[in-house]
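As structure tokens, here come the structures.
In what comes next, chain A is part of two complexes: it sits with chain B in the first one and with chain C in the second one.
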Partner chain A sequence: MSETLITGLSLGAVYALVALGFVVVFKASEVLNFAHGSFVIAGAYVTARTHELLGFYGAVLAGIAAAAVLALVVERLLVRPIRDAPVISLAIMTIGVEVILNTELIRRIGVDIMPLGQPWGADAVSILGSNVPVNRIVAVIVAVIVIGAFLLVFRFSPWGVAMRAAAEDRETAELLGLNLGRISMVAWLIAGILAGVAAIFLTGAPTPGLAPTLAAVVLRAFPAALIGGLDSVPGALVGGLIVGMTEAYAVAFQSELEFLGRGIGEVMPFLVMIIVLVIRPQGLFGRKETARV
Partner chain B sequence: MLKVSDLSVTYGNTLPALRGVSLEVPAGGSVALLGSNGAGKTTLLRAVSNTLRRHRGKAVSGSITFDGEELLRLDTAAIVGRNVVQVPEGRRIFGRLTVEENLRVGGMRSGGREAARARDHVYELFPRLKERRTQRGQLLSGGEQQMLAIGRALMAGPRLLMLDEPSLGLAPKIVSQVAEVVRAINAAGTAILIIEQNANMALGVADYAYVLERGQVSLDGDSARLKQTDEIKHLYLGHSSDEGGAPAPSLVGKSLGPWKEGR
Partner chain C sequence: MSETTITAPENEVGKPPAGARIPGPTRGPGPRWLRPVLLGLTALVVLVIPLYLEAYWLQLGFLIAALAVGAIGLNLLTGTTGQLSLAHPFFMGLGALSYVVLAGEPAETSLGPVIGFNWPPFLAMIGGVVLAGLAGLLFSPVSARLRGLYLGAASLALVFIGLHVLNSAQPLSGGYNGRPAPEFSILGLSFGGAEEPPVVLGVAMGRAELQWYLGAAVLVLAMWFAKNILKSRVGRALKLIDGDPLAASVVGVPVMQYKGKVFFLSSVYAGLAGVMYALAIGSIAPQSFDMGLSLDYLAIIVIGGLGSVGGAVAGAAFVTGLPQVLQNFAPQLGFLDALGLTTAHLANFIYGAAIIAVLLFKPDGLAGIWRDVASAVRRRPNRQATRVSPGDRGLPGASPTDDSADAADTTGHGRPGDIPGAPGPSTATDSP
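Right after this comes the complex of A and B.
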């Protein structure tokens, strides 16, 4: 069963990257950014489009840059001008952005599956007797490094301290001279970067490449953020792992779970989310006040 | 230095919270603004720091200048950049951040070396904060939190430090410590605007004082002289009315209805 465990860990680590971006943006700018999923798709699309020209690693940088720039553009052009609007209006606006971006990206992807050119391709290694795609292992390693780097920045950098202060009390942060606009901008930038990294692994083996179905995959990062608690960084990490594990084990036991219907792997994360929210509306690590947003 | 002229502020479409208020804080001076609950004291500080918009308030007329520059046109961060810094009502420390991180936030606008020097200075002023520097703000006592709030503001290198009811909810012994610290800060050259309901404390700190009543300045003068007036004695120093003869006129029909800060 070690294959399922590694699949779950790997999926979980990647969902955590995506959920982390969602949570950081919420903490820094009080926006529930439902357009976050399209940052992942945009990153994957640019990587897929450029890997022949730039080589894989150049294309990865291009994809990450594209996701980051897209995040900044959405923040500056769409969110910033209406930042005093009710939280709910902003959230629905981002859903609109998501629909528009995804429609366009999916139209561009077409019916084909676009490879991103990961050099490890569909290679697999044997671990404890089971075959594990190299993509899964690289995903875990890279995600752990990226998350570790993020946590260091979050804890020690001036931006990290300023961001946590602003998340706690925006008015007081401003009274001490912090520029909330800049804090928010950096948060969106970081979210875009995390999305661009996640894109590489969500399109790798066993997935054959970038296909329109990526939209549904990315959607599972939202229950990850909610399970952990919208305003909690550790929550995003734990939530990501829970969703990844749930999905991996649901797929592994698909035949036993047949009576629940097909596609159980896709549904389970949302079921888990509903159960967690019924018991703890603020999520596992969230704070009560934000549950009422 | 700070000059508020004919300032009027309204919240939403309600009655004005400030009406034609004028006051001045000279360079290096210390000025108190007294007034009971709901008089408009906090509103004045919000106007100076330009945070009224957050509370759906608006300065409808008048001006606020600092060294001749109009503050009403600057945003909050830029005003801090002019070294006009506020210690907000209720201390508002970041409870989940450590003491040291709270101070870091205050010093974020200045360079690393400058911030380190400011922090050493704050720790000298408040050794208690140094002892507790790795603890979360929420674990501090009320007095320590007030010290942290003042220290955090000092990190921003204020030329004018504005304190909104620093004595609120503190034991008398702590209140006199706070007063002493504020006097020391003033003696070191920083101008002070201290807002208080505790007139005893504020008049002990400030050279000059204004009294705000229902949004208007009703009285101002040197602290020493103001202490002697009947109105101050009646309203804020807790003397009984037979001591000062006839009741002060401002007591008549005075509404002291508390206004709870709701966010």
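Right after this comes the complex of A and C.
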């Protein structure tokens, strides 16, 4: 059963990376970024295209850079010019971006499955008597390091402090001379980097490589972000783990869940999300907006 | 605001406080004669089109009508009230599934037997709408409590649940192969397979022709209903919830209740759209109701203009018609092959770009362009007179309380001539 636990942890760590991207962008610029999944796919695509030329680690850097630059371009050219528009319009803007990017990326991927050339390939190691793909273990380690680094930056760096201040009270932050535009820019950049990192593991074993189905997988980071609370960094981590565990256990107990229909594992995270939101509409760690009348 | 606002909130529901971005009732754009003339012309064109166009275009028209009905409902929720929803395919799927099960016959398929109740199609259509509405009510603990963006992400869950149900509830839906939709019939008029279809002016009223008229009739009803809602007290309350929920609750709008109700209403529209969609395609299959449809819907209401009923219809025509038109002109679009693109890709690019362009350059969409054009047609001196001395000339249009339907269309941003936040005439009662 430890295999399921590790699968859940590993999936959860990767979902947390993606969910963190949603949360950072939402906190900094109040955009619910539907194009975030496209950043993940773009990162994976660039890594897959360049790994023979640059070697795996070079390709990973290229993929991360591509996702980050893409996020930056979307923020600067499309989101920023309408930053005073209603939040709904901002969200729909990212949907327009997503439609274009996904159409092009999925067309380029075609029906093939593109390997990303992870050096650990499909190797597996035996832990407590069960076979666990190395990819899952590397994913946990890297995710812990990246998230740790992010938390340090978020807690101590000038950007992190400024960003938290801005999320607390935008007007006061701006009056104090904080540059909200720059805060938002850095947030999108970081979201892009997180997307590029997550892409490596979402396409690794047991998944054979980059396929158009990645788009659907990335969508499961949405429940992760909402379960934790769209404006909560710790929430993204907890939400990621909840979604990862839910998925892993739903797959492990598939035969017992047969009465709910096949493929219930993919729907489970969404069901959990609805239950959480019925009880706590702002998510587990989200800030409740109260207003006295 | 005066004390009466607080002590007697019920009477103040529709009255926006100064500063809320809600325009007071104003004249619609364009000269007085423009609207009736255009309406008459449109009605005439709609009536005679089946006499001239081929079945292909009529069927496309019916499909557009189906999506337009759904889009009007979504626009009430998202455009007017500011509650983002991606769940429309779920409610459409539910409406379509209910129709197919209620009107269908029990049958054997390669995946096993399917259930059918053999209801008359019209009753089954009502059944589909009712069930979709019930599902909307069931979701209201979530839909009423969530703020706009949260609802958008949460409603995504319904799309996946819907797909899962369509795929696995094989006895109802026919599983991943789908299931044919029974032909519609009403008042003894069968839409398909009639031995001798009625002939009008030498044109046989076959399936496509009848569906065209059905689509037009349902669409007109759906538009009329939505416009009336928007013009009413409820509509103004919904706009206020979008503009400022706090102000809304201060003036006595039960915000949560209204959010739940408008979600219910939009799911009813979606259910009706789903039944029409099933009739238009002729079958239901899970992949017809996936997330792509959610995105199509948002594209429709943004391109048409958030909050505008007519815009939703125009947007539906654009987003639904575009791939079909492109496909029709595929031979002329030879450069696509060279680039490795299909017309479906091109259509996606165009409508993605259209969303972005509208949001960047024309936030009120096609409806906004229409208003600009109509305002330009209207003679300027006339307009000055109306503004300065309402009622002086005794024209019915000169009264500021004339609530033409287009006044109800706006979500409040940027119509030329509107002073943002200007109190409508109704607020006059506030000052002694």
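As a working rule, the second predicted complex is superposed on the first by the 289 of 293 C-alpha atoms of A that agree within 3 Å, B and C clash if a C-alpha of one lies under 4 Å from a C-alpha of the other, contacts with A are read in each partner's own complex, and residues count from 1 in each chain.
Following the convention adopted for this analysis, contacts are C-beta pairs under 8 Å (C-beta built on N, C-alpha and C of every residue); 3 or more make two chains touch, one makes a residue touch a chain.
All figures in this text were calculated on a predicted structure; none of them were measured in a lab.
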| item | value |
| --- | --- |
| A:A85 touches, of chain B and chain C: first, second, both or neither? | second |
| First (chain B), second (chain C), both or neither touched by A:P158 | first |
| In the superposition, chain B vs chain C on chain A residues touched | C |
| Which of chain B and chain C A:T172 touches, first, second, both or neither | first |
| Touching both chain B and chain C, residues of chain A | none |
| Touching residues (chain side chain B, partner chain A) in the complex | 49, 51, 54, 76-77, 80-81, 85-86, 88, 92, 94-97, 101-102, 104-106, 108-109, 152-153, 155-156 |
| In the complex, chain A residues that touch chain B | 158, 161-162, 164-165, 168-169, 171-179 |
| Sites on chain A touched by chain C in the complex | 32, 78, 81-82, 85-89, 91-93, 95-100, 103-104, 107, 219, 222-223, 225-226, 230, 260-264, 266-267, 270-271, 273-274, 277-278, 281-283, 289, 291, 293 |
| Residue numbers on chain C that touch chain A, as the complex places them | 78, 82, 84, 141-142, 145-150, 152-154, 156-157, 160-161, 164-165, 167-169, 242, 245-246, 249-250, 291, 295, 298-299, 302, 306, 340-341, 345, 348-349, 351-356, 359-360, 363 |
